[in-house]
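You will see subunit A twice below: alongside subunit B first, and alongside subunit C after that.
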Partner chain A sequence: MPQRLTEPGILTALRLSLETATIATGVCLVLGVPLAWMLARVEFPARRFVRALVTVPLVLPPVVGGVALLLVFGRRGLVGEWLDSAFGVTLPFTTAGVVVAEAFVAMPFLVIAVEGALRGSDARYEEAAATLGAGRWTTFRRVTLPLIAPGVAAGAVLCWARALGEFGATITFAGNFPGRTQTMPLAVYLALEQDVDAAIVLSLLLLVVSVVILAALRDKWVAA
Partner chain B sequence: MSLDARIVVRRAGFTLDLELSAAPGEVVALLGPNGAGKTTALRALAGLVGMADGHIALDGVRLDRTPPEHRRIGVVFQDYLLFPHLNALDNVAFGPRCRHVPRKQAREQAREWLDRVGLAEHVRKKPRQLSGGQAQRVALARALAAEPKLLLLDEPLAALDARTRLDTRAQLRGHLSSFPGATVLVTHDPLDALMLADRLIIVEDGRIVQIGDAATITAQPRTDYVARLVGLNLYRGHADGTDVALTSDFSIVTATPQQGDVFVAFRPSAVALYPTRPDGSPRNTWPARVTMVSRHGDALRIELDGPIAVAADVTPAAAVQLDLAPGREVWAGLKATETTTYPAG
Partner chain C sequence: MRKLLLGVAMAAVLTVAACGDGDTNDAPAGSTAAASSTAVTGKLTVLAAASLTETFNQIGKDFETANPGVDVTFSYGGSSGLAQQINSGAPADVFAAASPATMKTVTDAGNANGEPVTFVKNQLVIAVPKANPKNIKGLSDLAIPAIKVALCAEQVPCGAAAKTALASANVKITPVTQEQDVKAALSKVQLGEVDAALVYRTDANAAKNNVDAIEFPESASAINNYPIVTLKDAPNPAAATAFVTYVQSEPAMKVLTDAGFQKP
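Then we have the complex of A and B:
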């Protein structure tokens, strides 16, 4: 068992998993927090529709999500073709593709948590900030964000955990290339077909790493 | 830094329509019952609710389309709304920081403001560690540190207990008198308004019912609400000389001759009660029935029914002598010289 853990392929998969999940969480924060703010604070006609759209990845089977990503970001996809011709960027079957797939599936967890935190926070603090001369961005950065920080942190942890365990969308959109797109869940699935013991070891490893990191983060951020 | 405004806000079943002006250094109080629209008027001035009509001008500059962050109007909210994640110092430094004062300098200014309101030792405390009176003073310092042209105070003392209220009111009066801009204060407490404001604007149901300084308002109320606030009996009637008809078949004699529609006001303590019809002295007497007896300071406040509803203050001794209890029939007497008569409308 110990030598299985030190096999180079396994550590590579573990590192790839941790890295892509972390980057995907970053992407979700950058896109998801402003989106949640819009949903919670700005009245616009399509709000209900956008809110429904945000939660779609929760109910969609991840494999279907992967297919949708291929249709949009694939070489012949709506955006993918343009990305390829304009920037020479192709997402499918690359590490960046793994990040996109994970972010797509994990985003709702962050948006829902942050939107809830925003709705629960008193918007009158933002009014007070405005009367003191703070514009929207200053108010958001210095008042709103600190007030909802616990909610954002909790959302980010959930988002990271979901990204770490992502399987369906990843294998559909990014494939299963060791070192490039083979994350731990994919490695477990592959191992299961050849060597059940190895699959169990990998599963346990992923479980332990996840629990340790989640426990550490929860204590630090979500303690109160 | 003078204010000139007409505030019109429409809500379902409610219209607020107030004209408001304040000279530099002047403190104007909006006084009225709950739900009269005072706070809405304040929020409209600050730009936190939209106006259906009207205008807001500070020093002749129109502000009604300006977003709140560019109005330079400071607000002390009823529950202060101190930012819970910042300490007292950073709460007060928030305004200067928004005007791009460097952090160190902003904190220096904030420290001076906190010193001025007597909280120099509490700069590091978070809002939840401050007492009500301290939080109120931090909120005032925070609003003033942003160097507003107009200061708005929404029920500044309502959240405080009686003892703190007394001290804070006196301090607030001092700070307001040294503030160079105009101040608009909203309150439902007549004592706050009388103590803090140079001019009172009485608001009922979204409209102004009376404007004046403390002396005028307390001597010559124009609505039942104001009369009750200042503790006077108030009636509207039609005067012909010193005879004022209050109802179709009841009139009283007053001291100053007037013509036309008038208000007649008198103190509850000016009403004397007798067991039988008095003869001689008072010019006005009428039979009345006691409806309620309650304590009022050292005296007893007797509510009476009869040709007019009236409140009378009597000493406890007199009440015992007259055996005053609800249902008791008495005679009320009022000297003409105890009444004030002034034109209505």
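Then we have the complex of A and C:
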């Protein structure tokens, strides 16, 4: 077992998994918190529809999500074709593609948690801040965010955990190449094709790393 | 850990065996002639390499027509994954693999019933999108950095064959992805995400509306033999033996060769 852990491919896959999951969580925070705020605080006609769209990746089989991503961001996709011709950027089979796939699948976990926290927080604090002359951005930054911080942290942890375990959308959209797009779940799957013991070792490693990180995060942020 | 897995697998096999038809247990295992002449009945589960999907679907239908009491279910996937499933106790009657190496993992584990028989051969081709927009002519074109290539992962037979063919042609390529089975590699060509993929001739043939197949001489160095075998713990051994015999019969061979397989 020890010599399996030190095989270079395994550590590469583990590092790639941790990095992409963290970046994907960052992307989800940047996009997801404003989205959750909009869903919780702004009345607009298509709100139900937007909320359903946000939740869709939760119910969609990840492989279907991967195909959908290919149809949008692939070389011949709606957006992908334009990205390719205008900037020479192609997402499939790149590490950025892994991040996109993971963010797509993990974002609902964050949005739902943050929206719940926002709905649970008292809007009168925000109104009070506004009457005292704070602008929208100041109110959001100084009043709203501190109020919902535990909700955001919990959502981010869930989001990170889901991104770390992402398999279906990743292998479909980003493919499998060691060091570039082969994350731990993909490495486990391919190890299973040939060597069950290696797959078990890899799975245990991923499990231990996730539990340790989740436990550490929980004590630091969420319990506050 | 292994013991626990084994326990779970055994429990699964026992449950299935208990639920199966009682009349399947008394059939003589391995007696080909006897089984094919008597009518067989019941459920038959066949695990087959992904590259056999189209042909085995057809052969399964023909087999059901010839034996009205039989209900054939197929499970297709990467051969290596299927072999692992069998060795973990998946309830199945017949295993058809895309390479002797993967078959060997099943026979070595003592899960096969008798010796596997090679029933067809397959060869690699270069699959490119229809009309070959990048004008790919042979293996060496795949080494051009601007050409995006999908290969199968080396762990599955089509990846192992691709590795052999590339080595014998002395061509080094860096694929953009190593797919988990041959159908996944082919679908990346069909979706236009890669410019070429090394797949079996039969897979390119099955998708000929969307892809063109380019033959290359080096594929002769990496011919895949497809072995088939009945499994030791088969819930329906009589039907399993009959199916293996049927696959090697004249009508089934015609389905296989029409799809691009070669006789062994």
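Keep in mind that, in the parts below, the second predicted complex is superposed on the first by the 223 of 224 C-alpha atoms of A that agree within 3 Å, B and C clash if a C-alpha of one lies under 4 Å from a C-alpha of the other, contacts with A are read in each partner's own complex, and residues count from 1 in each chain.
Simple rule for what comes next: a residue touches a chain if its C-beta (ideal position, glycine included) is under 8 Å from a C-beta of that chain, and two chains touch if they have at least 3 such contacts.
Keep in mind the model is a prediction, meaning the values are calculated, not measured.
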First, second, both or neither for A:209, with subunit B first and subunit C second: neither
Contacts of A:190 with subunit B and subunit C, given as first, second, both or neither: second
Partner chain in contact with A:177 - subunit B first, subunit C second, else both or neither: second
Touching partner for A:217 - first (subunit B), second (subunit C), both, neither: neither
Touching partner for A:75 - first (subunit B), second (subunit C), both, neither: second
First, second, both or neither for A:129, with subunit B first and subunit C second: first
Of all residues in subunit A, those that touch subunit C in their complex: 70, 74-76, 92-93, 171, 174-178, 181, 189-194, 196, 200
Touching residues (chain side subunit B, partner subunit A) in the complex: 46-48, 67-75, 77, 81, 83-85, 94-95, 97-99, 142-143, 146
Subunit A - residues contacting subunit B, complex: 122, 124-125, 127-135, 138, 142-143, 146-147
Residues of subunit C that touch subunit A when the two form their complex: 1, 78, 80-81, 84, 87-88, 148, 150, 153, 155-156, 175-180, 184, 188, 191-194
